[in-house]
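Presented below are the structures under discussion, each in the form of structure tokens.
Both complexes shown next keep chain A, but they swap its partner, so chain B is in the first and chain C is in the second.
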Partner chain A sequence: MSKVIDDNVQKIDVVVLGAGPAGVAAATIASEHGADVAIIDENISGGGQIYRAPPKEYETHDSFKSPESYEGDRQRNYLSNSKVKTYFNYRVWSISQELVVSTISANGLKSWRPKALILANGALERIIPFPGWTLPGVMGLAACTILLKSQFVLPGRSTVVAGCGPLLMSVAYAIVKAGGNVSAIVDLSSKSEWVRVFPKMLSRPDLLLQGMKWLWKLKNEGIKIYNGYTVTKSEKDNDRLAITIAPFNHSGVNTDPKFQKLVEGECLAIGHGLIPSTEITRLLKAKHKYDLLKGGWVPVIDDEFRTSIPNVFIAGDASGISGAFSAVHKGRIAGLSALRDLNMISLKESKHKINNERNLLNKTENFGQAAAYLMRSRPELIKTITAETIVCRCEDVFRAEIDETIVSGAVDMNQLKAWTRCGMGPCQGRTCADSIEAILTSVVGSRELAGQWTGRAPLRPIPIEQIIGDYSYSDIPIPESAPL
Partner chain B sequence: MENYLNNKDDLRVAGNNVTRNSYVTVTIDGCEIQAPAGEILAVTLFVNGYRTLKYSPRIKEPRGFFCLMGSCQECVVLVDETITPACQKLVQEGIIVKTIKI
Partner chain C sequence: MGCSTALHISRKKLKTVIIDSGALCREASGTNAGTLTLNMTRAALIPYAIKGWELWNSTEQWLYGDVGTISVNGLSLAFTEREEELLIKRAEARKAMGAPIEIVSSKKAQQLEPGLRQSVRSAAWCPKDGFTSAYLTGHAFRKVLNNEGVQIQEYFKVNKIDNENKYFLICNENGEFIKSKRIVLAGGVWLEYMLSLLNIFIPIKCLINQLIITERVEPVMKTVLSIANGLLSLKQFANGTVLIGGGWQGIGDTERGGVEAIPKNLVGNIRLACHTIPKLRFGRMARVWLGLEAETSDALPIIGNVPGFDDAYVIGSVHSGYTSGPYMGWLLSQFITGKEPDMPLFDPSRLLTQ
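And then the complex of A and B:
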């Protein structure tokens, strides 16, 4: 059996996982220096979520294009003109200790064994639960962005946009631009928080100006913006959602429990920031540390983006949230480090080039860090998770059950999982891990004590008949009987 | 405000800004539906009013798509009898889609 699999494993210099800005940068720089590189992504083309391409069958008028769509086209062209081998629509479902990367696609199973593995698998959206967050019509801000910018579809005839960070204004503006209605913007960040990050945002006057333009347009449309508010409940009211909001201060404490306000919309688009995706680094048992301003748990890296696992590098938001512009430089540094470790570039050249990229990264990170600050985890927000709120959507686990289990003596994340089934469903805990860690942390005192769920394969659910392929009963090797 | 909508019930942005060149026919829960070639299946379901795609395992509450990027698994449906996240699948001529009723 193991021989059958080994024959199909392709040896290669570098595999890059994720074809967003970081992955494209890492793959192309490695390829330009002579490395044989494959880039794998489960989406149909490059660009990641931020530069996601519209369907190639659609024609979009230039007036409907954004700076991001041009940058996405530029990166996709750059990748397709390079020597990097691209594998789109390939889903990675396992990575072994020997770094054998196993994928599944319409063409069946395919595996690689790279000398260096660069992870550029991006981020997940943090959405802190509240009663009614599981209703159809409630979606993530990232989902809403995909609908608007890559599908040209409105999330509803009216939408409440809620949460925190720059995605709020970006989504609200995209809805208005597409001719839709925004019934309210509910921003957890107070005006003073925005003022606090203003100096860092000045590092990118172009983006700051774009943001101001969005804000002006939204105010001009008469859209009410609630700063320092959060959603505490969402209820179905015929074909609309009745959404209760309440004032919360900057550490997430409800400042006036008596004051509530009702807003409504057909859709509620909500997001509380981005979390670096750690499913692969956990699977590989890399060292992690919790860093609030990087979005949560991040792999421990050296200053050239090497993880604690030999020959595994990380780039982009997966190494800490700092945005698409930083991701390019992080990707190039990771690519150069991989080249150096494969001895495909001299020490002098790699140092020189990495230094250049680091200077550029320092500049772009200012803006990214301002955004990451606005999107940071607010520990007190877990108060919106009432006892009757479902925390783990896949397994319908309620907050009350999590609390009872902690009272009964569960002291880490894996115990909570074993006792309640939270995080055991098809999403593998990607949706609820951060909220459940926050709940447990409020009792045990720190994220380090709460720990993380053990990474497990398969990374995505895959039908078993697809893994088996055309392997049949008769292919099972029968060992010769031992002599009696 | 320019009206980019074909009609008030159509959430697909249209007008002169986006042209959907070709259409395919898919069958959703027994109904034949036209959808623009290239559209994500989860989006086709959404704009046609299929908001509930499955029910949760324990308390059986309705669920629809949530993350739209292959992470949350809330939008899984049967496509030609294979369980598939609808957000990771593009519409294709002739596919038979069933939402999950249990």
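And then the complex of A and C:
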């Protein structure tokens, strides 16, 4: 009989979940001050989404280098040269109220019991459904970034890039730089919105300059940029996609046919912003609040990145969308707070160092906040979710059914889930939760009233074979029988 | 339990309000495995479960809605000698109470359920088993209650029940109240709390049952399965997902609800399931949730007057009450309207601790 259940829960000072910029920063600073630290990430190496490394099997080529790939390599080296114990390709599937972190990997099950838990599990992409969003060739904007930057693969021969935020230009530029074709850029933000955030972006003149360089290059290629437009439909047109776009502003989507335009491409990369991932904080039953400019639901934190759960800290985009540069400072603050709470540094030292990081954070955060503003949830967008549009892709639930179910009395997210099966599929709501919350909110009045889906383990679907391992019938501990 | 009582009472022309601290049917009714089984029902409750099974299989006549009831063969299995002894004992007890249960050989069991592990020794076969999709219960009940004019008061957390002048004043934490001549307590694991609001003390145990559902897999089974010791509940829905239950305990209480699963107990439960249907090991565990189940000290229901009150009633703690719920609500509605119930009730006063 082989023991797959790891009864040995490994005690450790700190566990950091997520090896993106925030996680690496938190783990390394804690380790530098003497803490025994483990960092866990389900990916093959550190970097998170923004600095995602290419597969090890790829040969590197200078033309694929970019400021981001350099930064990513730098962070990965910094991590591997530190004393932090790294666990890549480990998938966290459950965290108990006592903070025991349970993982599954090719090596079986393994658990840790940390004194402090630092969450750096990042964000999800928001995509508001529209007719045709499930057609082949339609992909997320952030997903497209991963394809380009870490796999060096173009999404298609020609791409329409749509959505909002700096990612738009970043993806469009990356496609063009790689020799691909961008048919059009469809930006939710009007020009005046960009003007509004411009002052905040001035805090990072280097990034601003880079953005302007991208814009100039894209315009030079003759790529049409639509400001204040959103995609309302995508249809198959032989081997291409015919994409209808409509004007979008503060009053909402203008579906008057005479203002619609048609763009086309082999594929469509679309993303309506980033949402902090709350699956772990909901599982731990931390307090949350809805903060539009932070990306939506975020855990309630103090100014040293403690959540409402003792010994649980959070950093990076998971604590509120503000980008990769802010993530590093947030990670360091969370790491220092954890060290402080574990009595591994003095109050004086922690205050001093946290202060330094906070000053740096205040400087970098402006740009990130500008981006978050451009990427904020826009409630009016749910108009593009027509009655016949699928909202929950895992369970094939259409908008019409969701609307009817709300009318029939499901007025909170969990009852809605029970009556429609939305969120019960393998993605556990990662794709559809925000859209469904927005639909419900439009009826009940606020996100707070609509609520969130209860957080549950497993955080990811787990292969049964890996959980049960090898066993015999007599190994199964049978509790007392039911009464006759 | 509460919904079916309200429905039956309302049909007897009594003005009815149903109150829930949250949304309807989100606790035991909505989180249980939905098994309609005579094999796993206590012998004493078999006659009630048989009636309940009939009601779940004819929902178009009284619920006017669908909870996905499927009627299939049920098998309770024995893999060891000891389990065989237990199986025979349990089958006899249930048979004596009217359940159509028959002990069959390993060969017959495998004919009825080809997906079964071949080393099964014998089984108790009940052709009248089946299951529903428990999470659809609330939706169906809410519709019919609404249509019948029952006032539905959700998100109303009762914290006080005053008794004055022949009326009950049912108050919530916001100072709102509902005035009623009669009151029925149907709060499942919260019955102990509810009874205490009327100064009656009956201990009700709160079980925290773990349930596991897989992702969709190919058809691997076509019956409802359990094991002689009562610790497995296994079925596959039409959409391909497989539900694994059996009363393995997680962590939680009446204050916080279900808090978290105990990984060891998840593994034990799933191992039992895979031992029974070997093909299950190729699936993935998609979700785990917890359901709170009430149990009295003698594991039998409490249905009848709240001790000392003519106009206050209690119903619940049936332990496998999902099957008999619709029928027990009917019995109580008869009692409340002054008729002799078709089957005996279960006097709560037997459990008074003072």
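Just so it is clear, the second predicted complex is superposed on the first by the 459 of 484 C-alpha atoms of A that agree within 3 Å, B and C clash if a C-alpha of one lies under 4 Å from a C-alpha of the other, contacts with A are read in each partner's own complex, and residues count from 1 in each chain.
By definition in this document, contacts are C-beta pairs under 8 Å (C-beta built on N, C-alpha and C of every residue); 3 or more make two chains touch, one makes a residue touch a chain.
Since we're looking at a predicted model, the values are computed, not measured.
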For A:461, select first, second, both or neither according to whether it touches chain B, chain C, the two together, or no partner. both
Is A:70 touching the first partner chain B, the second partner chain C, both, or neither of them? neither
Under the stated touch criterion, which partner chain does A:102 make contact with: chain B (first), chain C (second), both, or neither? second
Touch test for A:473: chain B only (first), chain C only (second), both, or neither? second
Which partner does A:426 reach: the first (chain B), the second (chain C), both, or neither? both
Where does A:94 make contact in the superposed view: on chain B (first), on chain C (second), on both, or on neither? second
Is A:414 in contact with chain B, with chain C, with both, or with neither (first, second, both, neither)? second
Go through chain A and flag every residue that touches chain B in one model and chain C in the other. 425-426, 461, 463
Residue numbers of chain C touching chain A in their complex, please. 23-24, 26, 30, 40, 42-43, 79-80, 86, 89-90, 93, 135-136, 138-139, 142-143, 146, 152, 213-215, 229-231, 247-249, 251, 259-261, 263-264, 266-268, 270-272, 274-275, 280-289, 299
Chain A residues touching chain C in their complex are 5, 94, 96-97, 102, 111, 285, 405, 408-412, 414-415, 418-419, 421, 424-426, 428, 456-458, 461-465, 467-468, 471, 473, 475-479, 481-484
Touching chain A in the complex, chain B uses residues 1-5, 8, 11-22, 36-40, 43, 46-47, 51-53, 56-59, 61-74, 76, 82-83, 88, 90
In their shared complex, chain B is touched by residues of chain A numbered 42, 44, 49, 54-61, 63-64, 124-125, 134-140, 142-143, 146-147, 151-157, 176, 178-179, 221, 390, 393-396, 425-427, 430-431, 460-461, 463
